[in-house]
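Each chain gets a letter, A, B and C, in the order it is written, and its residues are counted from 1.
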Amino acid sequence: MQLNFPIFPEQASSMAGKVDALYLFLVLITTFFSLLIAILVVFFAIKYRRRPDRQAEQIHGSTLLEIVWTVIPLGISMVIFVWGALLYYHMERAPANALEIYGTGKQWMWKFQHPGGQREINTLHVPIGRDVKVTLISQDVIHSFFVPAFRVKQDVLPNRYVFTWFRATEPGTYHLFCSQYCGTKHSGMVGQVVVMTPEDYANWLASGKAEGSLASLGEKAFQQYGCTTCHRPDSGARGPNLEGLYGRPVRLVDNRVVVADDNYIRESILEPNAKVVSGFQSIMPTFKGVVSEDEIIAITEYIKHLAPQEANPLNNRTTPTQIRDSEVPNIQQDNRQEPNQQGTRPANPSGKKP
Amino acid sequence: MSTSQTTTTDHHPALAHQFDSMEQQQDASTFGMWVFLLTEIMMFGGLFTAYLIYRIKYYPAFVAGSTSISVSWGFANTLVLIGSSFTMAMAVWAAQTGRRKSQVWFLIGTMILGSAFLGVKAKEYYDKWDECHIPGHIIGKGFNTWGGCSATNKGLGNIAQEIIERAEKDHQEISPVAAQQTAQQTEIFFSFYFAMTGLHAFHMIIGLGLLTWLLLRARRGEFNSEYYTPMELGGLYWHFVDIVWIFLFPLLYLISRHAHGI
Amino acid sequence: MAADERHKRIAILYLLSITVFFFIGGLFAALIRLHLLTPNGELFQADTYNRLFTMHGVNMIFFFLIPSVPAVIGNFLIPIMVGTKDLAFPKINLLSWYLYIGGATFSVIAMLKGGVDTGWTFYAPLSTGYLRSPVIVMAVGILIVGFSSIFTGLNFIVTVHRMRAPGMTWGRLPLFVWANYAASLIMILGTPVIAITLILVALERGFHIGIFDPKLGGDPVLFQHMFWFYSHPAVYIMILPGMGVISEIVTCFSRKRVFGYGFVAFSSIAIAVFGFVVWAHHMFVAGISVYSALVFSLLSYAVAIPSAVKIFNWTATMYKGSIEMSTPMLYAMAFMGLFTIGGLTGIFLAALGLDIHIHDTYFVIAHFHYVMVGGMVTAYLGGLHFWWPKMTGRMYPEAPAKLAALITFIGFNLTFFPQFILGYMGMPRRYWAYPPEFQVLNVLSSAGASVLAVGFMLPLLYFLWSLKYGEIAGDNPWKATGLEWETTSPPPTHNFHEIPIVTKDPYAYGEEEEVTVVH
């Protein structure tokens, strides 16, 4: 038995200390009120114990006291609520320019893909001091990506991307757990997050076999599946031009405007008639059962890197992504940002829904 | 069951021992039935909520599915059921006013109309089986087998085909690929169709059982102006089942019919 | 035949049935804690372990906790407390018990077929498409026992509304009745939703339709919404009747009217109402939007306040009372401390940023065991001890009872307090094997469980003993107020020889003559 056991988790991320602060505040509140009640109860039981020479005093109540002990807990609760909500808001918004890693959960293992094409199973190498955003999806049931040392947890759903983010602050190796019961080997679906200095991380990246970056794998898949047949920048193309698409608002045939995020791309590959872009026919076949989860991730990464080109005079159909911002109604602008002039990827909007 | 009272007070034979008066019994029993109907509303409500969510998510498929079920039969059933609620209300009135023969005939009428409803539903279910619109992969010949399931069912067979034809009538073009995707998604519509109408039919069958029991008691002359509580409760239940259908009919049969004509 | 449906007899039938399931669930708990003594999963295979924790949860929640106080103590006492001969619908009450047995039979069948391994939460798509265990059998069992609960609730509501004795106004009802009334509101409104959810799970599993399975176009998060829409209010079904018991015990053994009767009564209703609008606090990391999460977190604090009000009112009731530390009072005092801890750790979980870390860990397990076992089971045991003389005509032996209460208290805290620490450290729930640094705390917890097991066995033994050898209790051994104490122990078939006419407030302790000898 390991006898020198810790009783508090390590703080290895930028959020860990903040979460712990709220926790400790709540521990204090709980200790205070529990002790208060316990002491009062025991004290009264002793002080007012049954004795033949005194009777109980019949007290109906006190509205004032009721108000006091309703309002004070309410006030404390609201403080806790706001504190927790602010933390949550921060934890649910991935910063811009985060290092993006894709994770897939399946019974009963984790697979990670780095943008450079490096793949890992059950281990995730990340650099210290850098925002890392992990985009996650499940291939079967609901799992959950949990790194206690980072105070990070996110349920991983099938058929829908979700994400979480962290910035590691201490080098080391930390537990990765699956924390949503997923069957027989749920407790075996564990791994490690290895936090490395930037130099070590660069070395690690270089050491793997060169398969090509994730985006280049995606480009290969894009060509292999014949996507280029329709998705071209010229005017005769039957499908929308995908250059500069990622993160931009798109107008659909029913006049809705949606943001082209990871989930949009995935849905367009698997259920293309769900959101048809305005000005186009719904003729795209579905690739459900044809393209694998890993390939979808690679293709998404490829599309994220497609920079918008200058429209040339022969191109008499503007790319559908270029609706002016003034035309955009109040859509959820989670942390979408404008691409800068070099066409680098904007931040990834939230993939959540109510 | 009513107990025979051997006390010297003038208890009505149907007064249950826990109640002090017939009035209290009537009052409490009716209240209890309303509470029970409230629980039924919550149960159907859960199903309706799930239906609503998927209707929003797969609207074109729901339109296609809705068009493929027969609005004529659905409407006929609606009239039948409303009629049966009328006969049921009349039966309760007859009980309240002590008309033994009328009670019996109105109850029989209600049961005939209720059975007619179930008969029509059975026919509709058969049609769906014939057209391969049974969701899931257990019953029947598989969902939406292209080309129709039965050689005699021209025009009823292929949902994808229907979608294309309807789009053409609207002067729109839908590719076979898109129509096929929508048609595949109608499986979820049919899942709800069978779940909702099935749950409803199950309640109708229980209702028919209750009506049979009421009929037997009415024939024996148990109900009159002093005591007609079971009839009233039966009436409440039957009206509730009717109202559920009044919601089901437009939700399932009338999706976007206004846009496309019936 | 008419005799079968007497409410008191049905209460005893329930007592026997739920005790069986308590010990079945308890056996599974014991096996779980034995298994978790070592970190590498040595005692059971993973599949077996997964069935153990699932069946522990299912049996304890649906076949013990939800019926416990309402179906045993409520059935026995509510007609008497409101001053009538039986519940409004005795036949439906009996049907309710038959449905319990029907559902329990399905549970037993499921267990005989190896047990279900979905977790008591049955999350899709795991439960609908990926497991081979008898999920449909279990779902049907829960569905049936759900209707048992609905009919009990329906009966209570109609009885309280329509069958109160002359003079028994709402403001004179014992708080036990208010609490069960509020729980009954939840029973009738919430349970039907779990019924339809389980029907859909069974349909999906049986016919491969896609309601929740994304491979077939469904949405697994919809399952969670529908499931928790009932299962969150369900926890209030479980705790409210227990709180009603505490109101009765604290007043009797302080010989004082309750402090703030109106506030305690309405807090039960407030808990029932608010309990319906907080369900998604179980889903903060499940993929709901940030905005939804904010709303549900805010409302979750609202539901905690009425519970706090009750605790303060009970404490104030003890102030300047005349307190006797009988066994029921010991349980009530334990409840007040343990429920406070349990309830406040719920606040931890309602705090969004913090919940991300502690969700689905042993922190949650510790929280709900504090409120369910430290709270509800404690209240149930307190109630059993308080009304045992009324129900059976016999007193239980006081010394073993106090000893059992103490053993239970110690065992309980030793079992579950370490789990708060384990949870914050990051040990996830439902883990068959765990990292070795968690072992010491697990061993402590298992040690506590062995003590707790003794604490729970003792009442079984001495209650049985008391039936034959216990001191004969009179009509009112505790000198308590309340209509049930004005009739014999046990009460006659129709409860009262004459229907009482109520003129006094509840808990009119001061108006009685003090019975101790004055020199």
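Brief remarks follow.
Here, a residue touches a chain if its C-beta (ideal position, glycine included) is under 8 Å from a C-beta of that chain, and two chains touch if they have at least 3 such contacts.
Just so it is clear, the structure is predicted and the values come from calculations on it, not from any experiment.
The chain occupying the central position, as judged from C-alpha centroids, is C. Relative to the C-alpha centre of chain A, the farthest chain centre belongs to B. Per-chain CA centroids place chain A at a distance of 36 Å from chain C. Rounded to whole angstrom, the centroid-to-centroid distance between chain A and chain B, based on C-alpha atoms, equals 44 Å. Listing the residues of chain A that touch chain B in their complex gives 271-273, 276, 281-286. Note for the complex: chain A touches chain C at residues 1-3, 5-9, 15, 18-19, 22-23, 26, 29-30, 33-34, 37-38, 40-42, 44-45, 48-52, 54-62, 65-66, 69-70, 73-74, 77-78, 80-81, 83-92, 107, 140-142, 144, 146, 148-149, 151-155, 157-160, 162, 175, 177-188, 190, 350, 352-354.
By the touch criterion given at the top, residues 60, 173-175, 177-178, 181-182 of chain B touch chain A in their complex.
Remark: chain C residues 41, 46-47, 50, 117, 119, 121, 123, 125-126, 130-131, 214-215, 220-221, 254-257, 259-263, 284-294, 297-298, 301, 304-305, 308-309, 311-313, 315-316, 318-325, 329, 333, 336-337, 340-341, 344-345, 347-348, 350-357, 359-361, 421, 424-426, 428-441, 443, 509-510, 514, 516-519 touch chain A in the complex. Chain contact summary for the complex, chain C toward chain B: residues 1-2, 79, 84-90, 92, 150, 154-155, 157-159, 161-163, 188-193, 195-197, 199-200, 203, 206-211, 216-219, 222, 226, 229, 494, 499.
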